[in-house]
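For reference, the structures are reproduced in the following blocks.
Both of the next two complexes hold chain A, though its partner changes from chain B to chain C.
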Partner chain A sequence: MSDEPFDKEEFVAYFRDEAEELLQQIDGDLLRLEEFVDSGQADPEIVNSLFRALHTIKGSSGMLGFTEVQGLAHKLENLCDLLRKERMPLSEGSVEILFSGRDFLTDLVQAAIGQSAPPSGLNEFTGRLDQFVAIYNETSNVIEGKAPDRSEGGNAVGSEPMNEAEIAAFEAEIERMLAEAAATAPPAPTTPTANLAAPAVESAARPAPARGNGESADAKKSAAQGKRSSLAQTIRVDIDRLDALLNLVGELVINRTRISDIATTLGRLMGDRALNASIGLIGPLSKDLADSAALLARTTNEIQESIMKVRMVPIGQVFDRFPRTVRDVAKARGKEVQLQISGADTDLDKTIVDEVGEPLMHLLRNCVDHGIEAPDERERQGKPRMGTIALNAYHEGNQIIIEISDDGGGINLDKVRAKAIKNGLIGTEDRLTDRELIELIFTPGFSTAEEVSDVSGRGVGMDVVKRNITKLKGIFDVDSAPGQGTRFTIKLPLTLAIIQALLVRVVDELYAIPLDSVIESQRVEMPDVRTVHGSEVITLRGQVVPLLRIADFFELGGERDPEKVMIVIVGLQGRQVGLVVDSFEGEQEIVIKPLSDVVGRIPGISGATILGNGSISLIIDVHSLVSDAYAGGKVTRAEFSGV
Partner chain B sequence: MMAEQREEKKQQYSGETFQVVSFRLGGEEYGVDISQVQEIIRMVEITHVPRAPRFMEGVINLRGQLIPIIDLRTRFGMNRADHTKSTRIIVTDIGSKRVGIVVDSVSEVLNIPVENVEDAPEMVAGIGTEYIQGVGKVDTRLIILLDLSKVITSEEKQALDSVDEAAE
Partner chain C sequence: MSKKVLIVDDAVVMRMMIKGILSKHGYEVVGEAQNGVEAVDKYKQLQPDLVTMDMVMPEMDGITAVRQIMSMDPNAKIIMCTSMGQQALVVEAIQAGAKSFITKPFQPPKILETISKVLA
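What follows is the complex of A and B.
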């Protein structure tokens, strides 16, 4: 391995992560910049931040030989430079060209790392960009006369004229960051053979110029560093490594339970006088073990919590890209919309953060497209022309709540009804409550948009949103008031790795049912179990609940108790189903382990867990169990829909 | 079989001898590459996985790790046998997958010189040649050398197929 001089793959992975983050930041900066368009004066902080991000992308893409990315980043950097030096006024045009530039840059990065084809229309765009820059370079030269010689200081990279102590400080900062990046990478960049890394080596090796170059420069630098410090103190860790760590903690948790069990048993033995007298040592030993077990339990809990926290990332990571989406969709649909985000620093598990982005994006598009009315229409209704969408996240107990609400027209129930009748989902005579009508929008293929827009009517409907949320063990809810707006509420578990479960026995095996889907468990006498269309049902508080015998579903055999059934009522999409088991074995916190892919996917089973005594319990996937039983005719449609 | 393919296979083994763990299944004696064998354990309680493919015996807990267990008899179309005192689970490590296989009994570790290994005959006791790397001769004994990675991959494929069938 040591004769491998340059592990490019690792660099590329690093570059991809870094570029993604920076492009995100550029997006945010541009959005903030746009707010200053009216004044024609850019906030220097924002322009500097943009400049810095572009510069970093330029540097690292150059290092990897991604010349196209480097070239475009350089041109955009020049444009920012004009803004920064106030040679170019901040206008809608300049912001727009920066936005397009940012999009091309994203495409180029994707193409460079081989994830997509190179974008088309790039040449036209760079032509436009060059023209743009040329105009202002000329005019500024005319206005200022021949640019005065201000070339001292950190003229570090490229051809753009660098001047002013402030910029020098910037350069120093950038050099420092590049040097850091080079240092964190494998030793490769320092080997002379590593041609690709050469620019980075160069800039890293050069003594940082202009450090402490005047007071104002220093102040600005430390301000910039203050902002950066939160980045500097974090490290990137491969999620697989965290998963491995979490797995080990899982083992620890299991063993902790086991040791506590042993300590308890020993404690009971100690109560046995005869035994205690015959082996005098058991007493103190047992007490030591109990103490030690308690300590182990506490430490393990803390480790478990810490690991869970390590996996937690702020949901803001996902939110960051929404303002841009909302802006673009609103522009495309001729609407005025502001997005208010709160709770972006609310933490949740990385795996959930990764999955929740798409559904949220879809909901936001929906709000802009269908929720918020056109500005004129809003004015007629006495609402402000600009619609508001609020995106809010917060913790509640062991869950995270994400709310998206708009002040638009609400869900038009008449349209929903008409559409549902047209699509044959309901009959013309059917009387549905408002609630049931709203539920209809989650039916596959349902869309009330009058024309299929390219924004949210792409055949992907609310049903997919709901399914994705359900997959994350989340709950999805909608409230809507005509003329006042719509609110979507999503409740998600903080983590998917460790859950509370109800253990049940079926024939010879223990199964774990995730507690979040359990509504209640109870014993029902056989005479209270009725049969409808050949399937068993019970009536629970006036509601008919179909029963599903787990032993039958899993083809386990076993004998039926002629006198009673033990039932776990689970909730699923607002319906209830009673799972019939042999006995309840208590609640427990369990660590979810996936079944090996050699086993394949088993309907009704989501994984397994190892219990305190070392035995294995399979985890029931309530969702797939019920839908499979439903599809396989084990529960009939009529019963499932609660008729 | 092409000569170079033979060569390639032989190179997977250590130098000039095949070092294999031999075991019995039905009336035959089999061998697996010792480097693929993680450990050999006595029968433990196997947790049945309902609606899994037939050859999946279930899963076991091996020091906190879930290991799927494959019944080779079922896989090779033999009759199931009751577990006895000599029944063993060979825990194998193939690629990144850890899988246990149930065998009638484990015999010994054998060194089989390369020149004593023949290509697989067309059919061996009902199991397809795709799982067989060759047949080794040790004195008068014939050892069927299994290619476990093939066994596992096709198990997987079969498992997927059966799930797809169930989905239809």
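What follows is the complex of A and C.
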């Protein structure tokens, strides 16, 4: 038999996905387990679930030769085994060490698949873990009056993951035990034809049936079963394959538009008298083409929708890790906080789900750190000692809304003001509305270095959160009521790949402007365009809007129309800019293609698209243009309010 | 005709690996199950010539699944996939009717050898 090596690479991706899922499950199990600490008695169902997850990680990592992962999983599995056999009481200490172990395990998995450096402090931790386990191991040995014995069943506590010699010894021991069993308990139970009801030996290592609070454990179990069976009906698909498919659909969409165009043109030609002679031929052909175009359009739409749905995943995938974060931060800060999650099954494009985790995490940390008051302080204010953070997601039209609200102290506007003055963001004389004050927390440089705590700080300010959300074409908003709490609202598009766009012509180029940021388009006579500090502005319903000439921005040259300008008003969160173009070319659904690395990042351009006639159009990055028009020093806020 | 195999393991990596090894060597993997309950159902449905059975799984562990399968089909050929330290469980599984066992992390030659012995 050939001694072929495994093609391990092939399995690493599966391992990663599986490990991620299991680590998430472990986190959930630990959070539930923690609730039992007061009773000192673990719910056996939870401990078993933990044990199995660790066991699976151990097995899979062992097959792939990730010995460090395997080793730690093994040690943690042993600890769970002690809990399971009730040799170790469930305590804050044991849960804490399992939590840390889970974190180290996560880091080791990342390191094993080459996504990060190995975690530091691992040796100290395993030392601590070994010591911790040793105490109970000895105690239990004393109680039972014997040395640790592998043949006792279950996992031999303290044994290291295996090498070949050990495996051989292990297998030899089984053979010996089997021989022993055969000798003492005839008839030989291994006879293939015999259907012997095996003696019901209760093994301690077998998943113990739920004890005690039988009803709730049963309920949990059936819930877990429900979850399992829904898992069984899904398959994992490489996101690259979906992207490839989507790309193809994109081509179809383009072609659909093109065929429709041809059909229309043909239809028009039929009305042409000069072509009268050939009409007999063109007529039916044109009708065929029109029908076929209509059919293609319908099918394409359906495929497009289906693919979009395939890419949709429940946002709960991201939410899963939040209870742990909130718990950790609350603990570190001496606060009592409960996190209520709803709408975890709301679907969202996978790409967005992946990107939205960090900003949400940051907001939650912020709520615990700055929003929720200390328990004593809450009591003084007549609030329950335990603060509540609600995380809610739901669909609204073509968007998903994610709300994070807390019942804490709200944003202290006096503090914001003082800090903004201190950091030089506003002058002492500036009069800002409450709204504008709140907006200040999104300004880069508002979070200062001294505020960077290990909890919500991490050197990331609200400005970064806002930028990340905006990058996803999302809108980020905040409401706050003093003494009552703060609510962050995030609105995200369901997908980023296909959007409605307004096509405009500038010099000889066609540009696409995402329709969701277009407020209106209009023609303005030159006398209505004023110049403030060298920048062109118009007044629109009492509001001053700076103009940005696309031709100048992209240095396209071209002649300026001395009489009028065509303007597309785009806006982002109350800030508006008028983009000056040559003409409007109508609306169209476009498939966004990212610019390749070869081209690199171009300021003001977020991607490209192929139009129905096969020509390429660049997509305007409205966000960067609006920021540029304001932050670029052309027009400042103060000048604005003064005009 | 190639022998039909049912792979039972809650770890997808394990299933993929065993499947890879067996398919390459002329076995037909007719089904996979990720817990004991599925294993019993699929055994009934697929009537495989051989089952590889993990021990530690959610819903129903491997030994219970062995018992249930053996009570349906006394001629069932089941091989346990075991980890170190599970001696007592392996013995119990074999007493319940499993034909043999392999120890994780296993090498391809070992698993093939065990299977051909059991099927002989």
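The definition used in the following text is that the second predicted complex is superposed on the first by the 455 of 643 C-alpha atoms of A that agree within 3 Å, B and C clash if a C-alpha of one lies under 4 Å from a C-alpha of the other, contacts with A are read in each partner's own complex, and residues count from 1 in each chain.
Quick note on the criterion: a contact is a pair of C-beta atoms (placed from the backbone, for glycine too) under 8 Å apart; a residue touches a chain by one contact, two chains touch by 3 or more.
All values reported here derive from a predicted model rather than from experimental measurement.
Set against each other, chain B and chain C touch different numbers of residues in chain A, with C touching more. In the superposed model, A:Leu269 makes contact with neither chain B nor chain C. Look at A:Ile610: by the touch rule set out above, it reaches chain B but stays clear of chain C. In the superposition on chain A, A:Glu555 makes contact with chain B only, not with chain C. In the superposed pair of complexes, A:His55 makes contact with chain C only, with no contact to chain B. Judged by the touch definition given at the top, the superposed model places A:Leu432 against neither chain B nor chain C.
In the complex of the two chains, the chain B residues touching chain A come out as 45, 47-53, 56, 59-61, 64, 66-68, 70, 97-99, 152, 155-156, 159-160, 162-163, 166.
Chain C contributes residues 10-14, 16-17, 20, 34-35, 38, 56-59, 61, 63, 67, 70-71, 74-75, 77, 83-92, 94-97, 99, 101, 103-109, 112-113 to its touches with chain A in the complex.
The touching residues of chain A, when paired with chain C in their complex, are 1-4, 6-7, 10-11, 14-15, 17-18, 49, 51-52, 55-56, 58-60, 62-65, 150-156, 159, 161-162, 166-167, 170-171, 173-174, 177-178, 181, 189-190, 192-199, 201, 203, 205-207, 224-225, 228, 232.
On chain A, the positions that touch chain B within their shared complex are 250-251, 254-255, 509, 553-556, 593, 595-605, 608, 610, 614-618.
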